[in-house]
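Read through the structures below before going on.
Both complexes shown next keep chain A, but they swap its partner, so chain B is in the first and chain C is in the second.
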Partner chain A sequence: MFFWQDPQFGNKMITLMAALVLVIQILMVSQRWLVTNIRAFGVQSLLLACIAWTIAYFNHAPHIYWVAALTLIFKAGLLPVVLERLVARIEIRQEIEPFVNVPLSVLVAGMLTLLAYVVSESFHRPNEPAGHGLGHNTLAVAIAVFLIGFFMMVNRRKALSQVLGLLCLENGLLLAAISLTYGMPLIVEVGIFFDVLVASLLLAILVYRIRETFDSMDVSRLSRLRG
Partner chain B sequence: MTERALALLAQIAIVLFLSPLITGFSRTLKARLQMRRGAGILQPYWDIHKLLRKGMVIPETASWIFSATPYVLFVTTLLAGLLIPTVSAQAPLSLYGGVLAVVYLLALGRFFLALGGLDTGSSFGGLGSSREMTISAIAEPALMLAVFTVALSAGSTNLSVVAQASLGQSWRFLAPQQMLAFAALFIVLIAETGRIPVDNPATHLELTMIHEAMILEYSGPYLALIEWSAAMKQLVLMTLLVNVFFPFGLSIGWSMGTLLSLVLFGLKLLLLAAAVVLVETTNAKMRLFRVPELLAVAFVLSATALISTFLF
Partner chain C sequence: MIIIALLLIPLLASAITAAMRNPRRMELVYLLSAVGSFAAAVWLAGEVLRSGPVAWGNGFLYADHLSALVALLTAFVYLVSAPYAIGYFRQEAKDHASGEIIDEKIPSSRLRLYYSLTPLFGFSMLLVTVANNLGVMWVAAEGTTLASIFLVTFYNRRNSLEAAWKYAILGGVGLSMALFGTVLVYYASYPILGGENVSNLNWSVLVDSAPRFDKTVMRLAFILALLGYGTKAGLAPMHTWKPDAYSEAPVPVVALMATAVLDCALYALARFYVLTARCLGPAFASQLLILFGLLTIGIAVPFILQQRSYRRLLAYSSIDHGGIMALSLGFGGVLGPLGMLLHMTFHSVTKPLLFFCAGNFQQHTGNDSLKKGAGGLLHTLPVSAPMFLLATLAVTGTPPFSMFQSEFTVLRAGFAAQHIGVVIVFVVLVVAIFCGFFYHASQLVFGAPNGLPRGEFSRWKTWPVIGLSLIVVLLGFWLPAPLYALVEGAARILEVHP
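== the complex of A and B ==
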């Protein structure tokens, strides 16, 4: 048996990649450039696909291979390209202007991570047999990514960067789903998947419209009436 | 007794004579990545050799602090280098202090360097000192928290014990808190050695420089000592990263196998230096007021690492 067939090794790789997902999420909060943010999202999705693939391989759950492939094609490939094109087409200013300044946002992200760890503590069963359940560490990362994604949505003015927040939030959900239950039934996964895909494509068009009508992507301007 | 003296001498030689090589390597690699020929890898040695033979200009307004600074900086950095395991897991002076001693020896050197910058009364020196202190005030807690994460899992702040503990557990570096701590320490390494997103080591433009501004008044042998200490500080921090997180090939005592460890140690350092150079060539320098944002990321990463160690 090679060392990479050892389930222990698989578990460690999954936790490692989950930690990387968290690192990328925190970097996204701190990063001001929209394009870098989109690329970071692409890398995060790629890591998520790798996690899904590893879980599928070690738990002999063939339908998770589909999740991995879908994540790889749509979230790591298609969406970043579409969003980057959108950024290039509407020629917006490249910087994200958060409501809370960046160092404070990063601190908030750290607090949210702490909260996620505390919450996931209650899911931890130390006397569970090894190899069953991925441990609360991956779950904690998933909750943290979810919360930070939510915070990103609230914290940012521009519609496009809010879409990015939504996508991160969905990444957290997917990670939680595959790490807790080894994947929901495939049909549910596919449903959620296309839901998010269609939602983000629609939002991309909506962003373009907002920008056309208001000469800005700042959603706080939407509260003004226009005849 | 003689064995320990030999180990001490060997480590002094490694810290003193390997450090300019790493500096030279990263400069040459950076030049090649920018499609320049660049100076040879050995250039820092020639620089130090030349500076040591030259005369000095000391400003009239300078007090004794100006003259003491290069010596204090040199000795503290060298001492810090002796507390860190380089090729052997047993650092020669590890009985005298752990990671706290390393961090505060470096801080003492930095304190004197900042005083030296202020001492001549030139405005650039003061500017450099205040900037250096601003950056290190945030970088230092991040460094401490990251190292404590590792020290917690080893059960000691003594770096030799930490290195030996991590030698025993293979794959431990895959643990997520190690990953977070490594990422934090990497950012701290870039900030503390004055690399590009934070400071440009090759700049002579007054508005942007930090380290260069502090040592603007130094010349001749004093400058040689300061440049040499900067190279040693870089070696110390890089060694901290590679040997605490990736302790492959550390030998337990000092024997013939140590030679192999030396080669492996060199390779690890070169890899890390290459990573730093890649970051340097692919990024633009940050505005000074953006630097605290980068360091806030390092701080949060290491705090998360420490917290997740407790919550396991």
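== the complex of A and C ==
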């Protein structure tokens, strides 16, 4: 048997790429430049598409090819381009100003990863039939990306970087969905994708309109409504 | 077949109005879609009562008593808000023409936005109620957020952008948690149901095999679903988008958001509750629901007591009632679900009335303040002001109004479940809310004349108010037998015995 037919090899590749996804996520937490962040998000989505493709190839699940293709087109291609154009067009200061400083943020991200491993441990089914469900490493990464994405949203005051946090959070969700079950039934995935896409476009428009009205995308200035 | 009609009517109306230019014709299509949806929902409820659950397309769409009830309530609110919306926007346009409101103009393209997005909004909510697949239900719930973001920014003011931003971000995070919960339910069911079949995520399929699901996974799935759909329902501490969105969106949209969206979100949560309670026994899910429900009611109290704007006052009242419904579901047993659904039914009739009256006040006086020159509205608005007082009494659960009966059922459910401490706290909080709410309402309605011209704007705005008031009074004395049968059947679906 050649190595490209061996499911074990596929699993190792997936684990490797999942680890890279996590590394990129932590990189985004430590990065101060918005454009770098957007590009890192693009690379992360690309890796996600590769993971989906690998799963589809080694497990003969044709409908996951769709997930791979949609991720590649929208999340790795279209969204980063749109977001970068938006950044260039509204000429904001290109630096992310987190509430918590960078070293502490990275520490928090590390703690969240630890938490994710603890949570995913309880999901492990050791006596599961072979070929169903990936090693719990991938799930742990997915939960970690989800949690760190959440932390990014809370930690950042600029509207656009919050949107970026939301998109990362959804990347983690997608990784969880494909790694847990080899993809939910196709109809759901298509629904998810359209919603994610429309949601991010809506947010981008909203960001633009906020910019028009406020002359700044600082969300911490959105604080007139209280009580 | 009737399920398809229920969904197609608002969807078609949305497509038609999107292509129109004349506001009068948009109004007509919108009104027809509301009447049509309500007729379809009544028909569906009748069908379910006569011959049990209705399904379409291999169980892709599925309506049991619970779906039919929530669809009926959603369609009802959509129906009553339609004529009101017409009057509301006509007055906006007229005020603009006479130059009374200068900060914002209402061009007809903006009206088209409203008349095409609102049916889409209604469509998504109705899809939540009849989608059998938990994934499709999630897509529809996300659809309600997407369809309503630009309704919140309708006035394009600074504050409405801020409100829409909070709404979109919190809604996005919340619903991604709900999706994670859905994925985990699929994972928990995978070893038992197996296969890559679309129908494996159908609630009607899941519910029978729920006791054999993976228990650890279901526990996490319920927590995520509670946080996710709880955000949509406005359970504390994820409620902060509600007062902002409710005070910035146009009143007819708010009436839909405060009742129909709340019902749909709690409906989705209840579906997860049944799966979890069957898998783990009711104790785990109940405790969480009681905790979040009580916290939600508690958080509403200080904000109601010292509120400065009546739109926000109503928003906190809506948060409070969402908490009561979650609490009642948490009490469980036979009476808990019954109390929740009765409360949902009565709330969906009473809350739009309050919002309509408040909308009439706001358009008449030009602000929604409780302090600045407010008061004496009884002298200027001869219909809306007394009806507001009536609705206040009804919504705070004063006898003989119907919400007293449902809150009483919640109390009995709490005693039956032997949560005496929780019940005592609940009663204290409800009484505090009654005092605060009634104080503010009487300040607003009574008092010296405020010098504004006397008279209501148009029949479009007074008739929905009068009609709803009649229904509110009537429901206090007489609950139609078919409606009660529907509520009872729906409550039986949510009953889980240990």
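Following the convention adopted for this analysis, the second predicted complex is superposed on the first by the 222 of 227 C-alpha atoms of A that agree within 3 Å, B and C clash if a C-alpha of one lies under 4 Å from a C-alpha of the other, contacts with A are read in each partner's own complex, and residues count from 1 in each chain.
To be clear about the criterion, contacts are C-beta pairs under 8 Å (C-beta built on N, C-alpha and C of every residue); 3 or more make two chains touch, one makes a residue touch a chain.
Since the structure is predicted, the reported quantities are computational estimates derived from the model, not experimental observations.
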Simultaneous placement of chain C and chain B on chain A, clash or fit: fit
Which of chain B and chain C A:Ser30 touches, first, second, both or neither: first
Which superposed partner A:Val102 touches (first chain B, second chain C, both, neither): first
Touching partner for A:Val118 - first (chain B), second (chain C), both, neither: first
Angle, in degrees and to the nearest 10, that opens at chain A between the C-alpha centres of chain B and chain C: 150
Chain B versus chain C as contact partner of A:Leu166, first or second or both or neither: second
Between chain B and chain C, more extensive residue contact with chain A: C
Partner chain in contact with A:Ala177 - chain B first, chain C second, else both or neither: second
Lowest C-alpha to C-alpha distance for chain C against chain B (Å): 18
Overlapping contact positions on chain A, where the chain C interface meets the chain B interface: none
Complex contact set, residues of chain B against chain A: 171, 174-177, 179-180, 183, 292-294, 296-297, 300-301, 303-304, 307-308, 311-312
In the complex with chain B, residue positions of chain A that touch it: 9, 12-13, 15-16, 18-20, 22-23, 26-27, 30, 102-103, 106-107, 109-110, 113-114, 117-118, 121, 137, 140-141
Residue numbers on chain C that touch chain A, as the complex places them: 133, 135-136, 138-139, 142-143, 145-146, 149, 153, 156, 158-159, 161-166, 168-169, 172-173, 176, 179-180, 182-184, 186-187, 190-191, 196-198, 200-201, 214, 216-217, 220, 243-244, 247, 303, 307-308, 312
Of all residues in chain A, those that touch chain C in their complex: 61, 63, 119, 122-123, 125, 128, 132, 146, 150, 153, 159, 162, 166, 169-170, 173, 176-177, 180-188, 191-192, 194-195, 198-199, 202-203, 206, 209-210, 213-214, 219, 222, 224-225, 227
